[in-house]
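First chain A sits with chain B, and in the next complex the same chain sits with chain C.
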Partner chain A sequence: MSRDVTRRQFLCIVAGCAAAAATGCSDFTHTALFRDNFRDLSPAELKDILADLEKKHSATYGKQVTVGATPALDGVEFGYALDLSRCIGCRRCVRGCVEENNQSRDPQVQWIRVLEMDSEHGINLEHSDPYYDAEKVPEDGKFYMPIACQQCRNAPCVKSCPVGATWQEPDGIVVIDYDWCIGCRCCMASCPYGARHFNWGRPSIPADDMNPATHYLGNRPRPKGVVEKCTFCVQRVRKGLYPKCVEVCPVGARKFGNLLDPNSEIRYVLDNKRVVVLKSEQNTQPRFYYFFG
Partner chain B sequence: MLHKRTPHTGLLALAAFAVAGLFLLQTGLSVTALAASTANAVGVGVGVDPHAVPVPPPPFKDEDVFPCSECHDVEDEPDTTRRQLEMAHEEIVLEHDQENRWCLDCHDANNRDHLRRASGALIEFARSYELCGQCHGTKYRDWKAGVHGKRTGSWLGAKQYLLCVHCHDPHSPSFKPLEPLAAPMRPEEIR
Partner chain C sequence: MIILGQIAAFIVQCGRSVLQGRTLYWAWLGFLAVIITLGIVTYIHQFNVGLISTRMRDQVSWGFYIGNFTFLVGVAAAAVMLVIPAYVYNWKPIKEVVILGEMLAISAIVMAELFVTVDVGRPDRLWHLIPGLGTLNLPTSLLAWDVVALSFYLLLNVAIVTYMLFSLHRGVKPNMAVFVPLVLISIPAAICIHTVTAFLYNGFPAREFWNSAILAPRFLASAFCSGPAVLVVLMQSLRKFTRFDIPNEAIFKIAELMAYAMFVNLFLLGAEVFKEYYSDTEHLNHMLYMFTGLEGSTAIVPWMWISVFCSVAAFAIFLIPGARTNIPTLNIGCVLIFIGVYLEKGMGLVIPGMTPDTLGEIYEYSPSGSELLISLGILGLGSLIMTLLVKISIPIMLDE
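On to the complex of A and B.
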């Protein structure tokens, strides 16, 4: 450790170990309980923590789980665009996201919510329905608007977090340190898009379906009592892959790329299409755009 | 700093002793620094040349249907009168500007293994997008840029395109409705 242990910290550690021992709570490891915020970790501490998490999750799910912490790529700011004239509301993205990002099946947590809207009302959230249950989609007179985290440049959730457990990375992704989150849900109250989700219960993921390729700030299994949300699949996009929802969309409505690369698909959309952002009056300045192809 | 916090001060209330020493020892151990992944310089753009992009082979419904010349003998004089097909391919119902077009507007009468442009120039099936692009120019332009249609692979590297005909049946191109996956649970149903 890079600094001396103070009396205060020593007592905390003593108390914490006793609590863990007394409650028999296996979620607590020394690295989860007695560490700094992710942004203040030394490389050595981070390595220790990742190894600890890998060991714990590998044991829980009976397979080799990796927990990475790949940092943002230089010269990259991610942007996302969704073609409202293509989306058919089939919810394949929702399933792909749940499976890729290890969302709890029970209680159900889903980062993407697909709203069905009436064509005659246009984009009007008050006339939208996320619970549509049609035999076939798209239905006549309807259009569909999937909503997940908008990765705002001026993110209200980041401002409202009292402990600094959520922040914006250099590539624009708003991330959460699940081990720093205190579960107060201020961020959920401040998000105008309903993009943040709370683990009211202990998340359950079937071991067979658990995606073992995880990122510390992304899809690693979350504890109960913390908030989670879309990270543009940080575990994929920092390796150069498309987010899972882009890969599974059967109509190719989802576009993703580097806003700083003038030749990227996302820049083509911004340069050539009619683009809207959701709730622009909130001045959240999303990196998520809706367009009409 | 704002996000600094003394770890779990609330737990101070639970005083305890022995086990601490072991944990303290562990956290004190110095380990090799994690080699931070060197960031890749990113500047690779999206190619706009469709020939540079790999497209999968055309999705023939029946593997034996191609090459067409297996059945369509080049020696025979083709019947180029517009008509309802009865001897073969009668399952194809044209719903693609059928009032103005028919088979031989896109299929070449004399070389069945190729498609034909309006000019009469031949096009391979594997490059059928050039045929579609004659009428659907704006969609063709967007497709080449990766914005119409699905792309998979890497946002900064190799990408996989699909041909127009992977999603649109060329004889009936409107996208066919799908069964949606289950609706999310309502909050009151979640326990």
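On to the complex of A and C.
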């Protein structure tokens, strides 16, 4: 008897659903309450869960929603580089990200935070302002630094999660199972980049604006009480598309690609420009680099 | 069979002691019932709308609940650590002190765990923490370690108290071969729970304010101030309201120990203050936010100064032998140090640790009405547990 089966049966007993136990308990495990950790799901279970989710979200948003679970591709490790001398702080990446990734509009959740900094202070978070007016950019004496999840190689968020609800995929993307997270927010305390965001209230997305092409570990609609963050647009990049922010940036400040491919754009940046990572003393070893083009 | 009968009789007696009491007892229970009910009603609301009913946000993602959790783990730890001096000095009422301490520990741990429960976004998924059923992320997650340590400690204390009371109830001497090892394990376990809780904070290098090597020693020192303060007051009310006889010497011995603890506590705080202010790096911001306010944000400053004032005043009282062996001044000192440590752990640890946040933003957090009511409800529930435990144990211990 596999561990999963025992676990499920136990839950049935706990829930007092003798009938469900008798029928193999199959309906029961697929409700969010008794769903297993994503990494422990059998292919059959995963298939059922994805179908359930598609049905549920299609009904909620009144359109055909797909929930994929495309795994990491072999020989791929994603990397990102951002050109600080080009960024003008227009926050179009923020908007693109919100729309692509189905972030809650009210209460507002935004995975990318653009900081306005004084040229005179250099990169100095303590003197930064995230609430500048994007209508007036770029302002004299200022420069802009967008920050989202740095997809750390040595990720403190993964280390601190008590239930293993967040982990690093083989292509380097740190993901969260929104149906396993208990919402303790240890990962938020441990992230040095303020990259993780909590659903303090029930997230809301207007049905018209909802992006129906979703990934289980990425932009599918989230429940309240769990943590979310940038996934390099896992639903896009595993299909060979750029992350949305790369696509919408009007000045081409954002570069993305496969670190393992010597001919990729990201490799070009790493080989030909001088790059820095944010808070290197934290030893998080980000896959997100900043450079001055 | 006989043992089953005895268990039944034990339960009946427990029930009987709980149901008998003077008007004051019932008034106290009534009061607790009111605040517990208020807490539950407020929690149901929070459960439905989400943690948006608190004032925590992404910038300050832990607040009053986790502060209370930390404080109570300290109380739970210190209550049992008192067993050490009880043994060393061979106090007369040692058994009573031990049982009282363990009961306080039980109530404090229950409260601490409830504070975590109301803080998580998905209480319906807490079973993910149960090894075998869920996936407890050992060895890397410190919260996972904390869950293990606290659960073990709770079980241990429940076992000791139940065993002790049950033996006394049956009129047999507790088997020391069982009792003593259990108590001896509970002492390092007490140190363990508070150390692991300190390591939980300590293990976030992203938060400079907590990433200090003397954090765990500071936790232990402050716990050794606040935990015994509760016990000292508790012991006095016991001898007032019951036939329990607790000699002054036992209480004064505890007071003397508290004086040492207070010194260490203030000394460690001073060491931290020196390091931050003299180094004057960016990391000073957290301490500035705490003591003088930062860029006009001063919500927490008055509380921190009250805390410092209380701790220093209490130390002065406890330093003077005449003052700490005089019951009224001793009690004032206990209240002062309790307030001092409560504010320091409850607000002065978590909030400045997260303000400014990792990207330098200052978000002024202070608990919402909903957070306060839920917290009050939990404290009420803990007091209820403590009251009932004491109520049950007194006749048993006195009849012996």
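What we mean here is this: the second predicted complex is superposed on the first by the 261 of 293 C-alpha atoms of A that agree within 3 Å, B and C clash if a C-alpha of one lies under 4 Å from a C-alpha of the other, contacts with A are read in each partner's own complex, and residues count from 1 in each chain.
Throughout what follows, contacts are C-beta pairs under 8 Å (C-beta built on N, C-alpha and C of every residue); 3 or more make two chains touch, one makes a residue touch a chain.
Quantities reported herein were computed from a predicted structural model and do not represent experimental measurements.
For A:Gln282 in the superposed arrangement: first (chain B), second (chain C), both or neither?
In the superposition, A:Gln282 contacts chain C only.
Identify the partner contact of A:Asp40: answer first if only chain B is touched, second if only chain C is, both if each is, neither if none is.
In the superposition, A:Asp40 contacts both chain B and chain C.
Taking the superposition on A as described, I'd like to know which of chain B and chain C A:Leu115 touches: first, second, both or neither.
second
Per the contact definition in the header, classify A:Gly164: touching chain B only (first), chain C only (second), both, or neither.
Both partners, chain B and chain C.
For A:Val269, using the defined touch cut-off, is the partner it touches chain B, chain C, both, or neither? Pick first, second, both or neither.
A:Val269 sits against chain B, while chain C stays out of touch.
On the A-aligned overlay, A:Cys191 touches which partner chain: chain B = first, chain C = second, or both, or neither?
second
Name the contact category of A:Pro130: first (chain B only), second (chain C only), both, or neither.
In the superposition, A:Pro130 touches chain B and chain C alike.
Touch check for A:Lys224: first (chain B), second (chain C), both, or neither?
Second partner only, chain C.
Identify which of chain B and chain C touches the larger number of residues of chain A.
B
Applying the touch criterion given at the start, work out whether A:Glu99 contacts chain B, chain C, both or neither, answering first, second, both or neither.
A:Glu99 contacts neither chain B nor chain C.
Go through chain A and flag every residue that touches chain B in one model and chain C in the other.
10-11, 33, 37, 40, 107, 113, 130, 163-165, 180, 200-201
Touching residues of chain C toward chain A in the complex: what are they?
Going by the criterion above, the answer is residues 49-52, 54, 56-59, 61-62, 116, 119-122, 124-126, 128-129, 132-137, 140-144, 147, 203-207, 282, 285, 354, 356-361.
Which of the residues in chain B end up touching chain A in this complex?
Chain B reaches chain A through residues 1-9, 11-17, 19-20, 23-24, 26-37, 39-46, 48, 142, 145-157, 162, 167, 175, 177-186, 190-191.
Within their complex, state which residues of chain A touch chain C.
7, 10-11, 33, 37, 40, 107, 113, 115, 124-128, 130, 147, 156, 159-165, 180-186, 188-194, 196-202, 223-227, 282
Please give the residue numbers of chain A that touch chain B in the complex, ascending.
1, 5, 8-19, 21-22, 30-31, 33-37, 39-40, 42-44, 46-48, 50, 69-76, 83, 88-92, 94-95, 107-108, 110, 113, 130-138, 163-165, 167, 180, 200-201, 237, 240-242, 246-247, 249-252, 255-258, 260-265, 268-269, 272-273, 293
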